[in-house]
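Presented sequentially are two complexes of chain A, the first with chain B as partner and the second with chain C.
Presenting the complex of A and B:
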């Protein structure tokens, strides 16, 4: 009986996810854009419908009417988003388009918090749907049956429209070959707009109809975002049938998870997803043209310089002034500001390590925070409960653990996946880690590890007391600075030149005798080690580490920092992290405002200035010395080895 | 030097190479010709390790290399240029060549010194390669701004900086103007003499083929049609049929 119940529940979940996932796969199938923000638009739909029907919809008609109104509003919004954003994403690389839709997600979530607040609301099902049907010992809520029915209905409608109608013929033609379709006179922009509107309509409809299924909160997008992703990836991006089957599978897996791993809810699906990505990165149903990773990604955002710049007076002066400002902070800044700067420093180094993969090696990963969390938990746990292992040993251990786990992950992941699959794979690994931490009482579960003490470093002859805030700040700032400089030197050496070669043209690199897979793995390991070490440095600063440190939201932070600052510049991530931190500090009292602004800024960057702030600067000449004239005259490059 | 036997390659269900065997001697220049889609580029890919063959063996200086990846073959002396030149567009001409020289040193097992910047000898060697490929007036131009012919020459310079023993060129003069073409042939001839290169090339331009090659293989639809010297190929009936009577042959 329990099995039947678990399966039934699983199906209900699966079908509600399908309502969102079908929109994602529709948009991807047409526009080749993986819309990360779809779950958030679903959430907006839910809020709109909630505003219309209130907490106690009086009838099925009332609920459906509210949902329909929300769906229509969302369709209009879809039209706007299509014109304002999606249409412009056709010319940017895959990773940039992913990040732009992620920025949309931030805007949506910020908007929801700003408009509707952060409180929970729950909506009850109208009376006609509130009961349950029982059959033998098994009973099923009518509302759940309605959801399953709705999912199947939507699938059938889409299936008929796409595979059995003249409209579908056009849609499939465009999906297959947009260029030819355009040539034979199909108005592709119009079809794109219609498909986006349909996808948004579905999201709004689902948001309204599923109101009684869940509470309405600003976190609503999250489960839909991740699970609908899995569904479309497992099914094969762009394929409706695949998404439907994927949704059913997801339901079954959730059911199994409930039966066999009740203490680790939601973890099995990630394991299955990872297995899938490694076994069949293209999903159950391969969609012609769905492989987007060979698009001209490589040059969006520019390639960082890998030759040492000349040490001009201005440059040295900038470095010295910045160092002086940061190091003198404990003398004049208030505690709040000091804290923010400490966090920003850690985030900046994390972002630098991410950009080693993205800007230098050409690999976009979405789970970088997992390494950070590994180091943070390791050091945090050992400082608190580990019984006197020296702090510096702990830091070294955190780097080693990061390197080792990156070696294992990279060895498998880089062999089997690239592009979107690599992104989703790393994202899933991060989520698994977060959940494992979440359900480990020794690590403090949801609440995290709190009360992490700051260490005293014994150096044999003397000891350095880092227990005070200012002392630890200096230690943190100096460590971050040293790591950044060491990494910079690495990127300006022969190794850095190997990286930019691989990023610009992996085939050329291979034919220069560079074993691309091996060097990508090196970069992966180095990046993981630094991220983990940064986490280790961060834990005693924050004195608390929560599972959020491993969440995908944290993983996106280094991307945002990097893109805003400019991925084509070594110091871009630092600039971005400074700006985002300042934004966060300035808007800290308004719920949602910082997400809203950050998201909007990011969309602007991707659409209008893919080189980031430093890229803009270079364009307008202030920083021009970096590229063309770094391109040194022969003598300038001849600083021969000592 | 290179000995390959009975290479088969298919993409999915489509057989692209149907049993190709060649043997190229040290110092020889060997040209592959054939109509578009004959499988020349695919054969190059298989030889250089860019893509694996389905069956067949490749011996290089007596060693079986068909299971090695491309970079390992480069370490053994392969150099390759592409039908569409592969250069590093975000770097300058000089930087491209410096990176190539550094790559060679690494392939030869030289460790880098402590300095970050490339050493003086490296930069000088890169600059001299630029001179030899007629790019010395564009040292500091970003490669993305180079003309088509310049890109091809830069790619040749990059490849030669590796000091390969076998140079494989896929259509070295594709899309060039006649004068560029003439200049490229001259450069190749000069470099071949200086470096004692073994060369494999594909080309559509017959002047280039006749100007450079010792022996020629004609391919059609993945099968060898004829192998021989220029004279032999010219008088070969099967070849004449392919180039002159393509329509009634294919159907």
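Presenting the complex of A and C:
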């Protein structure tokens, strides 16, 4: 009986997810944009519908009417987003379009917090849907049946329109070859707009109709975001049938999880997803033009290639001045600012280590925070409860643990996946770690490890007391500086130059006799070790580590910092971290404003200056020097010509 | 009438076409010859606004095409058959012929039956998917798809590339017949002089993005130096 219930529940979950996932897969199938913000638009739909129907919708018509109104409003919003953002993303690389949609997510979430506040609301199902049907001991809520019915209905409509109608032929023609579709007279911009509107309509509809299923909070986007992504990835990006099957699979796995691992909710799906990605990185159904492997060139296509920065006199002078300013901070800055700068330093090094993979090795990973959390938890736990292991040994251990786990992950993952599949794989690993920590009481579960003491470093003859804030700040700043310089030296070495060669063209690098896989693995291990070491340095500074350190949201921070600063420049991630921290500091007192502004800045950077802030600087620098216009930009269609 | 005045085209920083000017009269048939990399394909794509960045004036029947997007140019009566054919693989031969009906605009599109009778080679393949055709069959279908919306000007980009001689012959016959029948203008980019001679009445020669010769076939033949200088490999 319990099995029947679990399956039924699983189906309900699966169909709810499908409503969001179908929109993601539609947009990807047509525009080749992986819309990370779709979960947030679903959330806005839910809030809109909630504003219309209130907490107790009096009838099914009321609920459905609210959902429809929200859906129409979302369709209009979709049109706006398409014109303002999506249309422009066709000119930038895939990694940048991911970042841009992530920035949209931040803007949406900030907006929701600013408009509706951060409180919980719950909506009850109207009376007609509140009951249940029981049949021979099997018991099914009417509301769940309605959701399953809706999911199947949406699937059938999409299936018929896309695969069995004249409209579908045109839609699929554009998916196959947008350039030629234009030349045979199809108004592709219009079709794109309609598809985006349909996807947003579905998100709004789902948001409204699923109101009674969950509490309305600013965290609502999250539950649907990751799961819809899994569904889309399992099904094969851009494929509606795949998304539908993927949704059913996801529901079933959630049901199994509930039956067999009730203490670790939601973890089985990640395990299955990882296995699935390793087995079949392209998803259940292959969609033409949506290869998820061999996409390094596409992923990093927009990254400007960098010349190794030389240590000129000006640069050294800038470095010395900056170091002096940072090191003098404890003398004049207030406590709040000092804290922010400490965090920013750790985030900057984390971002540098991520960019070693992205900007140098051409690998985009989405789970970098997992390494950081490993180090942070290791050092935090041992300082608090470990009993006297010297701090420097702990730091070395955190680097080693990071390197070892990166070796294992990299050895398996780099063999089988690349491109988006690698991104999702690393993201899943990070989420597994977060959930494991979350459900481990010894590590403080949800609340994290608090009250981590700052250490005294014994150096035999003398000891250095780092227990005061200013002492630890100096230690942290000096360590971060040293790590950054060491990494910089590495990128200038032979190995670093090999990495750049590989990113530019892995195949040709292979022809030159470079063992591409081995060098990628080196980079992966080094990057993991540094991320973990940074976590270890961070724990005594913050004195608290929570499972959020491992979350995918934290994983995106180094990406955002890197792209904002400019991934083609070694010091780009540092510039990005500084700007993000400053933005966060300036807007810290307003709920949602920080996300709103950071997101908006990021979108602007991606759309206006894909080379990041430093890229912009370099462009202006060239302009000044040459007193001549720069090379004209290559239009989007260029990719298919000549 | 298709007018091209002072056309410059760029790919990134490279200046591919430089100050090109010529006109193709209504129902006129013009070849553009030139070596690899001379800018023939860039010219075709520039006319459709389908790739290169373009400067200069393009006009169709006196109407300035300025910044009109490709799909609207197609509807106005320009139809490009690209050199890589770009047959839609997921739909049948007949569907490939009808999908371009969108480009007919106010003109009357040609029915698939009529096209099939002009390209007898495609007749038995009508229900095949685009992905199941050979290179020659794809080229035939690409031309059929291009002429289906009954355009004012058909732009053919190196249609004979990689085709067997017998197919090239059939293709020339079909193109001449269709253009005669429909009064379609033709702008043909080619390296195959024999084929160009069968299909067109005037010759333009491109060399490194510049127009270096313009004239009729007898004029072209009267100066053997031209062929030697610009076209021989």
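One rule holds for everything that comes next: the second predicted complex is superposed on the first by the 599 of 642 C-alpha atoms of A that agree within 3 Å, B and C clash if a C-alpha of one lies under 4 Å from a C-alpha of the other, contacts with A are read in each partner's own complex, and residues count from 1 in each chain.
We take it that contacts are C-beta pairs under 8 Å (C-beta built on N, C-alpha and C of every residue); 3 or more make two chains touch, one makes a residue touch a chain.
Please read all numbers here as calculations on a predicted model, not as lab measurements.
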item	value
Which superposed partner A:516 touches (first chain B, second chain C, both, neither)	first
Contacts of A:508 with chain B and chain C, given as first, second, both or neither	first
Which superposed partner A:121 touches (first chain B, second chain C, both, neither)	neither
Which of chain B and chain C A:187 touches, first, second, both or neither	second
Touch count on chain A, higher of chain B and chain C	B
Partner chain(s) touched by A:177 [first = chain B, second = chain C, both, neither]	second
First, second, both or neither for A:494, with chain B first and chain C second	first
First, second, both or neither for A:241, with chain B first and chain C second	neither
Chain B/chain C common contact set on chain A	631-634, 637-638, 640-642
Complex contact set, residues of chain B against chain A	48, 50, 69-72, 74-75, 78-80, 82, 86-92, 94-95, 98-100, 102-104, 106-107, 112-121, 123-124, 127, 139-140, 142, 158-159, 162
Sites on chain A touched by chain B in the complex	299, 302-303, 307-308, 489, 492-494, 497, 500-501, 504-505, 507-508, 510-516, 627-628, 631-634, 637-642
Residues of chain A touching chain C in the complex	169-170, 172-173, 176-177, 179-189, 288, 631-635, 637-638, 640-642
Partner chain A, residues of chain C touching it in the complex	10-13, 41-42, 45, 48, 50-53, 69-71, 74-75, 79-80, 82, 86, 88-91, 95, 99-105, 145, 149
